[in-house]
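Please go over the structures that come below.
Both complexes shown next keep chain A, but they swap its partner, so chain B is in the first and chain C is in the second.
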Partner chain A sequence: MSHAARSTRIGEPVRRREDHRLITGAGRFSDDVTLPGQAYAVMLRSPHAHARIRAIDSRNALALPGVIAVLTGADLRSDGLKPIPYNPFTLHPADIRMSNSDGSPPFVAPCYSMAVDRARYVGEIVAVVIAQTTPIAKDAAEAVDVDYEVLPAVTRTVAAAQPDAPRLWDDASSNVCLDADVGAKDATAAAFARAAHVVKIETWIQRVTGVPMEPRAAVGEYDAATQRYTLHAGSGGAVRLKTDLAKILGVPAKNVRVLMDDVGGNFGTRGMIYPEFALVPWAARRAGRPVKWTCERHESFLSDFQGRDLAVTAELALDAQGTFLALRGSNIGNSGGHPGSFTPLQKGVEIMSSLYRMPAAHFRARSVVSNTAPTRPYRSSGRPEVMYVMERLIDLAASEFGFDRVELRRRNLLKQGELPYTNPFGMIYDSGDYHDAMEKALKLGDWAGFPARRTEARRRGRRRGIGIANYVDTATGAPRERAEITVHPDGRVDLVIGTISNGQGHETSFAQLVNEWLGVPIDNVRLITGDTDIVKVGGGTHSGRSMRMGSVVIWNSAREIIAKGTRIAARLLESDPSTLRFENGRFRVEGADRSASLFEVAAAAAQLGDLPEDLRGPLAAFSDETFNIASFPYGCHVCEVEIDPELGTLEIARYSAVDDVGRAVNPMIIHGQVHGGIAQGVGQALMEQCYYDPGTGQLLTASFMDYSMPRADNFPFFSTEITEVPCTTHPLGMRPAGEGGTTPALGVFINAVVDALADYGVRHVEMPATPERIWRAIRDARAAPPAGRAR
Partner chain B sequence: MYDFDYHRPGSLDEAAAMIAGKDDVKLLAGGMSLIPALKLRLARYSDLVDLGAIDALKGIRREGNTLVIGAMTPHAEVAASAEVARAIPALAALAGGIGDPLVRNRGTIGGSIANADPAADYPAGVLGLGATIVTSRREIAADDFFLGLFETALKPGEIITAVRFPVPQAAAYCKHPQPASRFALAGVFVAKMAGGVRVAVTGAGPSVLRFEQAEAALAKKFDPSALEGITLAPDDLNSDIHASAEYRASCVVVMARRAVQRASEARAR
Partner chain C sequence: MATVSLTVNGQRVSAEVEGRTLLVQLLREHLRLTGTHVGCDTSQCGCCTVHLDGKGVKSCTVLAASCEGATVTTIEGLAPEGKLHPMQEAFREHHALQCGFCTPGMIMSAVDMVRRKGNDLDEHTVREQLEGNLCRCTGYHNIVKAIQAGAAAMKRKA
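== the complex of A and B ==
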């Protein structure tokens, strides 16, 4: 792994400054905010997956001592609260556009922060109860009498797309909100017509949830004098939360302030505004005092945005030698109870063909609503799903048509000289050495030595398998970011930026940038990200954008600080600016023993009365940039599993990862991100699932007793390697590193599982690969007549 | 959590007096299942009587060929006890595999068997060893104690004081955990006693149960090979999102074989 840090500059594995605070309990999370006189809110949630709300009788609840108010959807409408502003498609111009193939607009219904006439999933908010204490609010919530008319429900993705499925919106013609065609239909059909081989997979990338360590919490305030709302709530970014909140409350953005300090996990789950974040400040205005709400864990399972849930049918066409000719199929994304986010569908389908040379491709991409919690982008939005499909198709083609799995990949993997390469959906991969990553991963995972390990495992009665998966990750996200650096004469540097750490270590890695460019010790850098009265612009943390965009605006700001500082230092040192050089935090006069520190220059800027206008005042600079080009991190993972065929249990024996990040700012943090990413991806493939009962729409995995979270002992020690092929579209050569761990993990894991079972004739195992699934796969394959075995 | 009155008696008599006449009272014997249920408002009682201060209910002792464990002895103490390790190492291992360290330090044997969770570990040990449950009123054979899902032979107001385990010739417990909770999906306790072989299964059915066909086969020959061809009918077993009855039935046989293997190895050492 990494060497010990030799300095605190770019490229060094500097220990995270924030960790001591976080691991000694000194972090300040949303639930740590307590305001004088605050009341407490409890959300009354629908117990039904689909029900019309006939009436709500709050009289018994209001009669309980200590109850302040019971607010319903009717109150919300009469107070003029607006629907939650959705951005159903991505905010980035590099992502592909999707529209209905029949030319009609996608169906997007207004989603209010509370159910108004109908609850569309178990856990949807039906009323907000405000009381002196949480226990009183809970008692009152039980006393609220809601008259429900229970309606038929549908939860499963494919079922929801059927024309006769229970309908979530009466004014929509079906549950299908978007039905788009992407790629080239005719060229793809022609390629399939002349293919020597066609391999097909039908699979479901199941619904999972993010389970951030810190459950959501929010404290709302309203100041009647200034008519200003304040929300304290952890999120993926403060600015976006502020603007969305202002839209819901129907007030100008300046009348809203959002504050947050530490945020305990995001993964996309915390990326967008939640209904509670609007209900709490509204309730504070209604109650005339601050209102606090803290989500409990079972409530998180019910109401956190969930992830994945994509039903795929895909076919790959190959010629006789194994060269890929075309890819086609259908993706159906399940957006849950409200048609809010087509992003994962969009971000996935645009790179279905991964890093492989694919002359033609065509997909039908649909998004459906169902009686389940809403889904949103979830770590590596859409990409792990499609990488899994592509890598499964390759392994299936190899086993069905007699190709070597690795050779088949080598043959079709894009070579460095072919880049930039426009994939069949129009995405342009800029740069990278994909073959090098794969060869390094094969070596790191000791692919060559695997047969001996398989034989040895067999002697112990175990079935060992190995898998490989390449990946590409499209990083786009909100394109605009801003940084502002202020040098204080007392030796501190403030860095204001519109992206926030949800555990990624920005206090360290961003400070390393400042250390590199301004020579300031990292402990003197203060990162300001969670107060919208200071942070005015910024897109937040998602889609690998924090360091990718943050580095550039910090770099621009630092260069301007040096440029300004040089002119001030020239006055201070009585030299010509052209004779000054800035290094290690000092402006030096070349060839003379005269210099001034950055902070002396900052002091001079504040004191010298005769400076030109643009140099007077605090030594500060900002950069506000819009990034319209996507970035394409890539890599290759190799996984090895060992299966106990009697029980179907498995152990991950080895896991090796090579991820290219262009240029690593802090390799230790990157390795950590990859480790977590692998656990998140393999967790899905191995055990996680939000399981909705198909009949009732009840969520049966609403606690840790039933939702299988992977734990440390489910994994071996990971072997991770970073490569640094500079990204040609990034001024500093960087590629994002936060999602690559997850993106190939689903595919590489299932490939290893199926390889372990190959001798039985098992063709495929669906996710999650639970012990029973594996046990059944073995049993069914044994029972099948040999002719039925696809080998 | 709903409001309740909390009591902490210092003696069994005091506890009995506190329970008497109250029909909405619950004994607190560690609370590792009860407290979460209260917190989630899944259970509601007017009074909780905490047995944690009654010293007479704690401790481990050997009486001839019997191991006696006080009802309020926490799992961690059983797991670490030299006395248990000498007499019934399989029981020490079982206790050491329950939940996590927090559960093992708070949870007690009496609380576990009184709760009779269908996937708990202790019921397998108690039934597998043919233990005797001693209460404030009588002694109950393990075979008569577990009646069904969260249901035991205990009468209202009856308090478990100790469990008496006969020392076996060989025993072992093997658990195949449910991946989320890590409770048993199929847990099998096998014991070779002077009078025969007992095989108890937890996690697979609505309540801990005896695998009689396996017992008969193992009585003839206490060896994994004796279970060749033996199956368990899935008809009365549990099916849920984690495992079907059919899969559980298969796992029970595998775990039984592995438990016999482990017991044989332990005995040989």
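== the complex of A and C ==
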């Protein structure tokens, strides 16, 4: 555990302020909200992966006592609700642009909050049932008669891209919504033509889901007198939820208020508005009373946004010495039932070459729709997928052409002096010491001592393997953020900011910033994030943006407070502003024994009647910034596994991580982020999968009985180390820390598994590396003729 | 509807419940003790763990009507008002929570683990005994450390 904090300033492992309420049961999550007179909604969801809705007969449901209403897609359209305003591309200017290589526009279809004429995945909402209680609404949902015409379905990514695949949208020429070329095709082909070695991988980074432990919930209200909607719902950001909700409801943004307190996890899953978040306030208006909806876990599996699902074919060209010459291939991302987000595809392919010197690269990047739940960015959107591909290619090249895998990485890893470096897709890596991170990880993971551990394991009949993976992690996200600081004379400071904690501890780490810059005790800082009547601007928590952007707008606001405060203090202390210094919460007259506290100055600002106009009133300042530069966290992980070859079972023996965060505000929280990130990445590589039956499109993993969730006994204690090489594009030197744990975890884990099985001649193991898959890999390799074993 | 009377966190309470009402619904909806959470519908996640007559149970798997005369402790009643139980303190000290949604169930389960396995818990035991509690934020790393430390602290305080 982190040592005790010596202060509450930047860099200290300060224990979290939010914890007291959460460990005593006093947290307030969405389902804890209960309003007087509320009715309850249940969503009736399509049992078919693909079906035309011919008719919906609600009469039997409406006849049940306690049923208030049954709302359908027809009601939604007749009430004029608008489609969900999804932005398929990332909002950040530093991410690469993608367009169809034939010049046509990408296919984007309107997505309504309920199926209107056709359901495109199992779990899509076809009706909302509102009743006095949830059990009544559930009974009524079963009594709604929907006449479906079942249509052929397609779920798998590569299959969905085929011209003869069942088509989801009649007005699209295929299921391929985007077909882009990125990089330099000719230069890449030329490099491949002169390569001494070419290594290839075909793989599928399978579909998984975020599984925040708090299921989604929403309570909607409508006030007819003010024509205002209020939504209580946990999300990754309040402001974007409000503006999106207003667009769907077709009302001005001022007619919508979004409220949230504690949010039980996100990981990207809560990043964008959900259909239910519009349906519930609409239902409240229709019902004339508040309406509450709480998602059950099986519904979460069916209808939460899912993640990953990328089919990749990639080739790496090397010269005779092992220097990388070029990279090429094809990525197909699966958007699910609605073409709503190309972001993971975009954010992956732009850093396909990772931190390695790559003279040329070219990729075809496609996005398809399929009869599956929609996908969205999931922790480190798009990057774990491509890091996995790159790190697998390096290990494959090493084993196939006789290179040492660490030396091969050392040879090609960018050196500090080469930065800033423009990668072959146009992304500019600003700064960092990638070699130092790798060497530290090798040391932390005791790479040198591994052969002895392998031999020892072998004596016990176990196969032990070790893997290494470097990573880079592009952080972009919604570029605009705003903070406002108000100093109250009674000793409190209010900090209003447009990003929100979903478990990352903002109440503590943001307060540490205020403590550092204004000298205010952290317990006097009140963080206000979850009420759009107060918070007007901000992008929410995703893509490593909360501390990266939040720190700058808080810093700017704090400096403005000091500048204003200095002028007020000068009046109060009858000194020239140039003679004042602000330190430890006080304005001091240099060379004299006169000073005033920040709060005395705040009181003076409110009281002194003859201050200049810009200093009168509350001592407050705001900063509203747009961040157009991406950040590139990086690091290196080492993983060691032990396999029982008779059973295919696996144990993670060691996991070591070195992650650079530029400057750590609260190292305790950052280590925690890395731990959780590793578990989510390894969880995917080891056991997780949203498994859709290819024929029927049924989700066969729709409960915790079926979806393999990592548990405590799947992991060892992790060894995590934070390095702090200041980021040159951030005014405070910070790099994001929330996603780095996940980004290399897929690749490093599979590299370790394959290394453990190398003696059998196993070349590759697809994810998830379940015992069955490992057992089959061993069996197949043993059965293969010796010639086949060479690869 | 049936009337059920029980003791929750030291208070005698009665409620009118349906036959299908679960203990967790009684706690959350009737008594407004919202610290006990519902994270799944298959008794897997452990977010709803409470102590029923001194033993850890998943309150989503217990019918409220079967709790007549029972004694229930929830996270709100684990420590006296204004104080923290050593296990709560250990979770805070060891940063064993991030979003905090699984935390009440984790803590109640951890205290029950100490009852069953004693105060000297090795890593392996803690990890195995946490089979019934899911967390998505922490990778369990700090939860295991907190439970070991909390168990030891409970011995010192006992």
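Note that the second predicted complex is superposed on the first by the 787 of 791 C-alpha atoms of A that agree within 3 Å, B and C clash if a C-alpha of one lies under 4 Å from a C-alpha of the other, contacts with A are read in each partner's own complex, and residues count from 1 in each chain.
Rule of thumb we're sticking to: a residue touches a chain if its C-beta (ideal position, glycine included) is under 8 Å from a C-beta of that chain, and two chains touch if they have at least 3 such contacts.
Computed from a predicted structure; not experimentally measured.
Once the two complexes are overlaid on the shared chain, A:Phe401 sits clear of chain B and of chain C alike.
By the document's definition of touching, neither partner reaches A:Trp169: not chain B, not chain C. Touch criterion met: A:Ala679 reaches chain C, while chain B stays clear of it.
Using the contact criterion defined above for the overlaid structures, shared-chain residue A:Asp713 touches chain C, although it does not reach chain B. When the two structures are aligned on the shared chain, A:Val211 is found in touch with chain C, with no touch to chain B. After overlaying the two complexes on the shared chain, residue contacts for A:Thr770 are found with chain B alone; chain C is out of touch. Touch criterion met: A:Lys138 reaches chain B, while chain C stays clear of it.
Touch criterion not met for A:Phe622: it reaches neither chain B nor chain C. Once the two structures are superposed, chain B and chain C can be ranked by residues of chain A touched, with C on top.
Contacts of A:His20 after superposition: chain C is touched, whereas chain B is not reached.
Chain A residues in contact with chain B (one complex) as well as with chain C (other complex) are 135, 298, 704-705, 709. For chain A in complex with chain B, the touching residues are 135, 138, 142, 298, 646-649, 687, 691, 700-701, 704-709, 770-772, 775-776.
Residues of chain A that touch chain C in their complex: 1-2, 15-16, 18-20, 22-29, 31-32, 34, 135, 210-215, 262-267, 294, 296-298, 502-505, 668-669, 671-673, 675-680, 703-705, 709-713, 715, 717-718, 741.
Against chain A, the residues of chain C that register as touching in their complex are 18, 20, 28-29, 32-42, 44-45, 47, 74-76, 78-79, 84, 88, 91-95, 97-104, 107, 123, 126-128, 130-131, 133-145. Looking at the complex, you find that chain B touches chain A at residues 1, 40-41, 176, 179-181, 183, 241-244, 247, 250-251, 254.
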